[in-house]
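Just below sit the structures, each encoded as structure tokens.
Consider the two complexes below, in which chain A is the common component and chain B and chain C are the respective partners.
Now for the complex of A and B:
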């Protein structure tokens, strides 16, 4: 069974076509980079996968097709926007434990120790880097088939980045697939099995990372940039 | 370890293992860390490490023991052959580049000898400093 299968996905928002004709199959046990410019639809694609946005077409996660059953197979922490700022980390963890039966508290303890998270701290007091670490710890503490991480590296320092990358290597379960979005591929290139590029309102490229290095003799970053060469200027 | 992102990473991991064997950092019969630990040490994907190890096992450089882990081969003949291959690979790079400068084989040999002599002189100088 695939970790994720998307067929003929189409999504409109306020009469605006955001994604169309999206076809994607992800195998289990892979780490996949979801690349694309800001506003290309990476976050939208993630929200469609979890079912928090609704489009046309079919999305199947580890065999689950409805939004309700998919939610049990996907771990995604949508920027912790739902919590009020005065809440303490340990209260968020309690909330996760009560909402998700697959939340593994031992894993959370290991992750939070590794990432130096303090349960007594308030959400509003966290730096950007610590907030991302909390998102990683919460997301990877669930036991599911598919993990989604939305730009965990944007605006954080290199030490935090290293910690987050090591957490991903250490705590992504063997048969689970992790989809991680970023618009700067170099920082995650060594940990990727494959890349998926969202461009022109669809999934335009899906390739193996070592396949690109092997066949094109190119860095992932250069390959990614070459997809935009010669077309419209995007700056 | 820093990787060259133009070269497949499983290939670079294999080269890394060969290098560690040649320098003696990995001794014959030594046990390698578990796959996930290696992935952490090198900051690379677990599947990529697995691919490199599978190829090293297939060619006999590593020996996999069920439930115990992966070990560097103790086969001295195989290690000697491996070393020879690595030397030839390095020489091939240098040779091709010199050949590309329109140097004949004789010129390449005499230049190499001159280079080694000069190095010796430089090393002696630095001792006297």
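Now for the complex of A and C:
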């Protein structure tokens, strides 16, 4: 069984075509980089997988096809917009524990210690980086088949970013798939098994990292930049 | 799957805190105005009751609006929409949590009224003799209690109806993003809002008529069975709106990005 299968996915918003003819299959147990320019549709693709965005086509996550059952299999970096700014971190964790039966409290404790998160702090008092760390900890504390991390390291200082990236495998359950969208290709490149590039409103490239390195003799960042060679500058 | 009870608790807790904040502010207002009355030298044991009467409507109105806002924010928050629970359960639990909290607010008001009434009983006795004389005209027959129960039910259903109508406008205008370009969306959304508000006004006028009828029945000790029929009609409207809202929610309403 694949971790994720997408067939003929199409999504429009305000009559603008955002994604079309998206075909994608991801194997379980891989770490995949989701790359693309700003506004290419990376976040939209993740939202479609979670069922938050409503597109046309088939999306299957670990055998689950309906939006409700997919949500059971997917952990997505929620930006915590449902909480009051005065809420304490420990209350957010309590919320996660109560509404997600697959929430692993022990793993959260380990992650919060690793990321120096203080349960007594209020959400409004967090810096952008600490807020991102909290989001990462909450997302990875669920026990699911597919993790979607949407630009998880933005705002996090480079030291912490490297520390998190280097230990992300440790926090991902065996056989689970991790899809990370990020601008810092160089930094996440060492942990990637595959890359998926969203370009021209569709998935234009899906290749193994080793395949790019061995057959094309290029580093991931160089390969990714070569896809846009001659075009405008981009992230 | 997220259990319904867990989600109900998760939805209810922040709303419960807000309702308590409103009650706290109301109590503070009552205490401050009562102190002012005392400073002016007009304090009696009934002062708290009178001041409560003056302030009571405000938290009820604010609470109602706050819960309406809360309902809509919950539906648009990714935090909640990512939960693995069916849309109809999500919609129903969201409304139920608000309704339970609104009933809690009413109940606390009733308790506060009972407490201040007890405190000011001796001062108020004269006035109550007059009230008693007024109510004794009707004698506390089953018709009277039926009318009281009917009035409460009408209020509760009216609140749910307003909330579900707000959701209907919100969802319908949100759903147009899936079909229309931004300019046309604004145009269509204006039309949708006008149409739904017009329908809401018609329903509201029907409700006012119902309440007037109820009052006349209370005074005349007549038969209130037609009120129950109207209540059933309201219930049916809420259910129809609920089905439409759930379908639109499932097919087109997307949570906000941040």
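Here is the rule we go by: the second predicted complex is superposed on the first by the 227 of 235 C-alpha atoms of A that agree within 3 Å, B and C clash if a C-alpha of one lies under 4 Å from a C-alpha of the other, contacts with A are read in each partner's own complex, and residues count from 1 in each chain.
As a working rule, a contact is a pair of C-beta atoms (placed from the backbone, for glycine too) under 8 Å apart; a residue touches a chain by one contact, two chains touch by 3 or more.
These numbers come from a predicted model, not from an experiment.
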Combined model on chain A where chain B meets chain C, clash or fit: fit
Angle at chain A between chain B and chain C, C-alpha centres, nearest 10 degrees: 160
First (chain B), second (chain C), both or neither touched by A:100: second
Partner chain in contact with A:128 - chain B first, chain C second, else both or neither: neither
First, second, both or neither for A:7, with chain B first and chain C second: neither
Contacts of A:69 with chain B and chain C, given as first, second, both or neither: second
Partner chain in contact with A:56 - chain B first, chain C second, else both or neither: neither
Which superposed partner A:191 touches (first chain B, second chain C, both, neither): first
Least C-alpha distance (whole Å) that remains between chain C and chain B when both complexes are overlaid: 28
Sites on chain A touched by chain C in the complex: 12-16, 43, 47, 50, 52-54, 67-69, 71-72, 76, 78-84, 87, 95, 98-101
Partner chain B, residues of chain A touching it in the complex: 29-31, 162, 165-166, 169-170, 172, 174, 186, 189-193, 209-210, 213-214, 217-221
Residues of chain C defined as touching chain A within the complex: 1-3, 6-7, 9-10, 14, 73-74, 77-87, 177-182, 185, 250-252, 254-258
Chain B residues within the chain A interface of the complex: 3, 5-10, 36, 39-40, 42-48, 51
